[in-house]
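Look at the two complexes coming up: subunit A is in both, with subunit B in one and subunit C in the other.
Presenting the complex of A and B:
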């Protein structure tokens, strides 16, 4: 366990430095002319020189790289061309919105996955089991952005139950419902499936059959043998989906115009705003690595067999 | 001690064709009994046929006609630039399937080289390659896609390369595990003892025995690849306008969701059908061939 965590920790700086190098190299080879983006097409040579000097673009490449890494270490992700604001500030402003949606979706996913998984295992082969398994496949395999658009079309535009864009001003729960439901439904899929399978596995174990033979009620065996032991793989799986959730989060934010990190990344891609793209990507990478580390640590808490 | 295969010739110890045949025929029989899998496969075949032969019958998907914007001409109407929507959905199917196949093949090739090397040589090679797999798996696929696409510029091939790198570690681990169990077998030990080169042993004795299950697994995962392509294109980091991809068609159509939902629904529903079908086929394949990830 300890060794595993150390291993993870040792890869963290390598990943971040690797991503930083990749981003720096791509900023060099990208055909985008930064000066033209800032000053427009009719830029005079003097103005060009002045802007290049201000951005440090007149320095040799290795000096530029050194400066770039130095800025990153100080938490300076560069200045967005589109907004003319520091990327770190934009990310900090967008973070609460993303975290809110992320947290709400995780709660929805838990509220769907655990009851549905247990019931599907209990009533194996019933219509409920078949229906939930079908929905799980749709949830796992569907493109998140299209699922979001279907929800907008049906619950937002056709039924008019929920607002379909933005966060509200001031932010309210009403705007949160649709994006959180869509994201949560998607993320619940694989955990539901794992929970159902592991409970069924436990119920066919010798202990469970022995308990039934000793006259324990079906419900008692389901809860004690099935659910309690079946939870471990399900919780593990839920942890793993936390990284994937970040990917779907980006798409859902774009669909719903949710003012979070994903939308920032989208604006960056659409406007060729390289500092904005690289800043948000770096931040999201940091998140993904950290989330993996936390999940690994939690395994030790959930499953005592891994402690050692 | 018994040794598998006709060792006397020294070089003819290869794969066991009977085992391969049994693997395939048994799997095929069990797959045929899986209803969702069979239906999914039928849907995929229909989409594939339309993608291949459709363009013979449809209009030019990129032909702009500003006199017929958002009209109901043709099977599915036209988009905001007067382009035939059905023709663009068919074109999108070609793009999605092309990227899925290319990315899967590229990913499998990389995984094969790295995974077999990790399993066969072990030690420090294994340690480094396994770390590389871990690191790549840390990223959500879409983020890795954006990172690679902005690094080398968006195009059809770039998207395929980006996705292939993202899916590579899953199959790399499979190849590694298969190789590890394969090199324990007596026929590999026997050729090793005869002093043949590693390359020859890998090519003639290891690879023929390890590739099939991984390829079956990868075939079932192609729906996820198609969804990734659509996601990247939706984000603007994939196939670029004016070329049609389901992802950027949905992105462009989103502005007309209230008045012309067809612009989003046509590409979206076909994508959903393809993704769900692949998912059913993938599950059926895993069950039929008894594969685990």
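Presenting the complex of A and C:
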């Protein structure tokens, strides 16, 4: 297990450098005009030159790249063009909001996926199974922003139960409910489906049939054979889902005006703020690696055979 | 069977608990009295970029947030665009219009207690003009040769060329801060801006909100609100729902057009609106003509104008979003020419002129439009359809404005569906939008480059007599639209500020293209 963690961590620098290079290349290829974004549409040649000099855009591309990589190696994510603040500070300020939403969405996803998956397998073919499969399809196939807008419309405008944007001042759980429910519901879909299918596979296995033949109760067989063995593919899927959560998070943060990393990335893209985009994307890459690592560790907890 | 019943019962109980939890606490909007009395929350599309007054020229959000709270300009604007005193009380020009003397208000202090004097004006304007600061205001001050203080409360600006309306260049812009309070070239991250305005910067959640509290030493008297909060809500639809729900009191001018009917019919909301000055246009290509891209550029422009009469399409497309435009300045602005009409729709005449210009049926006509500006791509699509019906190979590209510069400055387009923000008066508008100063291919959009037009603009800027000014401004409009056929005017957007009816005293100005008077927060109150 320790070796597995080390192996995973040893690839991290290569991944980060690769992503950083890809980000820099894309920033050069995309046809955007940072100066116009900063100064508006009345740009004299002198002003253009002054702003480009300030941002270092007057340097040759290889010098810009060298400076960028040098800064990254020193742990300096640069200064945001949009906010005129250090990107590391912006990311640090936004991190609690995103982690809160991540955590809450993960809890919602677990609370939905695991009970519903187990119950749907247990009562296969029942109305509950049909309903849960329908909801799973809705969760998987609906774009997060669409679900977000629906939730805002119903629970915010029509029912007036929840605030529809922001985090509250000071931040409160009340503002967290809608974005976490939408994000969690969406991410629960895939895991519910996998868990249901894998439990059904396990229940139709020879071991399960043998256990039933030996007089074990249906519940015992469900829990010992079905759920325990069915958890491994479900946890794998949950890990993948948590990695994908980063993509959905960006959209959800925009729709709900949630001041997190995704919102920062959105602002960075809108403003062609390369340091901000670079900093937030690198952070999301770190998150994805960490999520995969946690899943690897969870395998060992669930299945002792994988601990070696 | 028993197990199934227990399962269903557990599900019902769980759902009941969820519903009870959800409905237990009603949403606390600002519509409530008590702790929210005197507090106002305004939805903005994005967070402030920088509170630094040197860097605010290109960012609407910063000017709106900081310019209505912390900072003040020398002059401000009334509801009809007229100039009003703010930190300055009077502006007087010399006979030759080359020297402007600005008298400053006495008894004004910055929020840190320091007295406001001519030295602050000099320091700020020097900083605006210093290329090292990369301030967008530097280009607006290109006509200024020098600035000097002739007393504690008097400043003299020496200009390079005569300008009868130069005082309007100071209107609602170039805000004054206490530069002595700045320790670094740019504001340090933990440093707050210091101005003379009614409110002071209090707290900020980056990307989310900025809160302002009253400046107790404000020179106009105690500010009426206890707290002004600007909240960044990027999605317009969400902001509208927030407004209807009562968690924000006012929304800046980014109402999605499809939400207008809902806001108009909401009894708790007043939809304050005015005809704006942001000009949506189909710009014609003089640079391509200069590069020999047309057999006869004038004929091409005239032909396209005959084929694409906006009266046929624009009103139906934009609805309540705006009004049809006939020239680059809006109908309420001095210098508007009521005699200018769109070039009449005449397909056969249009095709004849295009053929004389070197574009025959089946030939490509390239249209470029900004898809992130309201109805630009839709208008361009309608134009493409018209041109295809007329037998041309009309090719349309709709692209994001942030990514548009390379394609725009390639000058391969025949029609550019483009938006330009308004200015306070015709002289400034024509100088900054149609003057030679910005007409600089290959790096910019403005391809007209008409020296005769520039001399008319110069004359307009030096015109003291009101009737002569109006007449000259009208002639300039006619020259651009009718004689040069430099543009097919499309529409001006309306400025919309939906506000909760508990908010009183809000004044909307059409001349500030983002729609709010800069001292607005100084007069707004809540019930």
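Basically, the second predicted complex is superposed on the first by the 247 of 308 C-alpha atoms of A that agree within 3 Å, B and C clash if a C-alpha of one lies under 4 Å from a C-alpha of the other, contacts with A are read in each partner's own complex, and residues count from 1 in each chain.
Note that a residue touches a chain if its C-beta (ideal position, glycine included) is under 8 Å from a C-beta of that chain, and two chains touch if they have at least 3 such contacts.
Treat the numbers as computed from the prediction; the structure is a model and nothing was measured.
Participant: Pick one for A:93: touches subunit B only (first), subunit C only (second), both, or neither.
Facilitator: Only subunit C is touched by A:93; subunit B is not.
Participant: Where does A:256 make contact in the superposed view: on subunit B (first), on subunit C (second), on both, or on neither?
Facilitator: A:256: touches subunit C, not subunit B.
Participant: Between subunit C and subunit B, which one touches more residues of subunit A when both complexes sit on the common chain A?
Facilitator: With both complexes superposed on chain A, more residues of subunit A are touched by C.
Participant: Once the structures are superposed on A, label A:120 by its partner contacts, choosing first (subunit B), second (subunit C), both or neither.
Facilitator: Neither partner.
Participant: Applying the touch criterion given at the start, work out whether A:137 contacts subunit B, subunit C, both or neither, answering first, second, both or neither.
Facilitator: Only subunit B is touched by A:137; subunit C is not.
Participant: Should A:112 be classified as contacting the first partner (subunit B), the second (subunit C), both, or neither?
Facilitator: After superposing on A, A:112 lies clear of both subunit B and subunit C.
Participant: Classify the contacts of A:176 with the two partner chains as first (subunit B alone), second (subunit C alone), both, or neither.
Facilitator: A:176 sits against neither subunit B nor subunit C.
Participant: In the superposed arrangement, which partner chain does A:152 touch: subunit B (first), subunit C (second), both, or neither?
Facilitator: both
Participant: For A:270, select first, second, both or neither according to whether it touches subunit B, subunit C, the two together, or no partner.
Facilitator: both
Participant: Figure out whether A:50 sits in contact with subunit B (first) or subunit C (second), or with both, or with neither.
Facilitator: Touch partner of A:50: subunit C, not subunit B.
Participant: Looking at subunit A, which of its residues have contacts with both subunit B and subunit C?
Facilitator: Overlap of subunit B and subunit C footprints on subunit A: residues 30-31, 149, 152-153, 157, 254-255, 266, 270.
Participant: Touching residues of subunit B toward subunit A in the complex: what are they?
Facilitator: Interface residues on subunit B, with respect to subunit A: 131, 134-135, 138-143, 146-147, 150-153, 223-224, 227, 230-231, 234-237, 250, 254, 257-258, 261, 264-265, 268, 271-272, 275-276, 278-280, 283.
Participant: Per the contact definition, I'd like the list of subunit C residues that touch subunit A in the complex.
Facilitator: Per the touch definition, subunit C meets subunit A at residues 3-4, 7, 11, 22-23, 25-27, 46-47, 49-50, 52, 55, 57-59, 131-134, 136, 138-140, 142, 186-187, 189, 205-209, 211, 229, 231-235, 237-239, 241-242, 244-245, 247, 402-407, 420-421, 432, 437-438, 440, 443-445.
Participant: Give the list of subunit A residues in touch with subunit C in this complex.
Facilitator: 30-33, 36-51, 53-54, 82-86, 89-90, 93-94, 97, 119, 123, 128, 149, 152-153, 155-157, 160-167, 169, 174, 177, 219, 254-257, 259-260, 263-264, 266-267, 270-272
Participant: Under the touch definition given earlier, write down the residues of subunit A that touch subunit B in their complex.
Facilitator: 11, 14-15, 18-19, 22-23, 25-26, 29-31, 137-138, 140-146, 149-150, 152-153, 157, 243-244, 246-247, 250-251, 254-255, 265-266, 269-270, 274, 277-278, 281, 284-285, 288-289, 292
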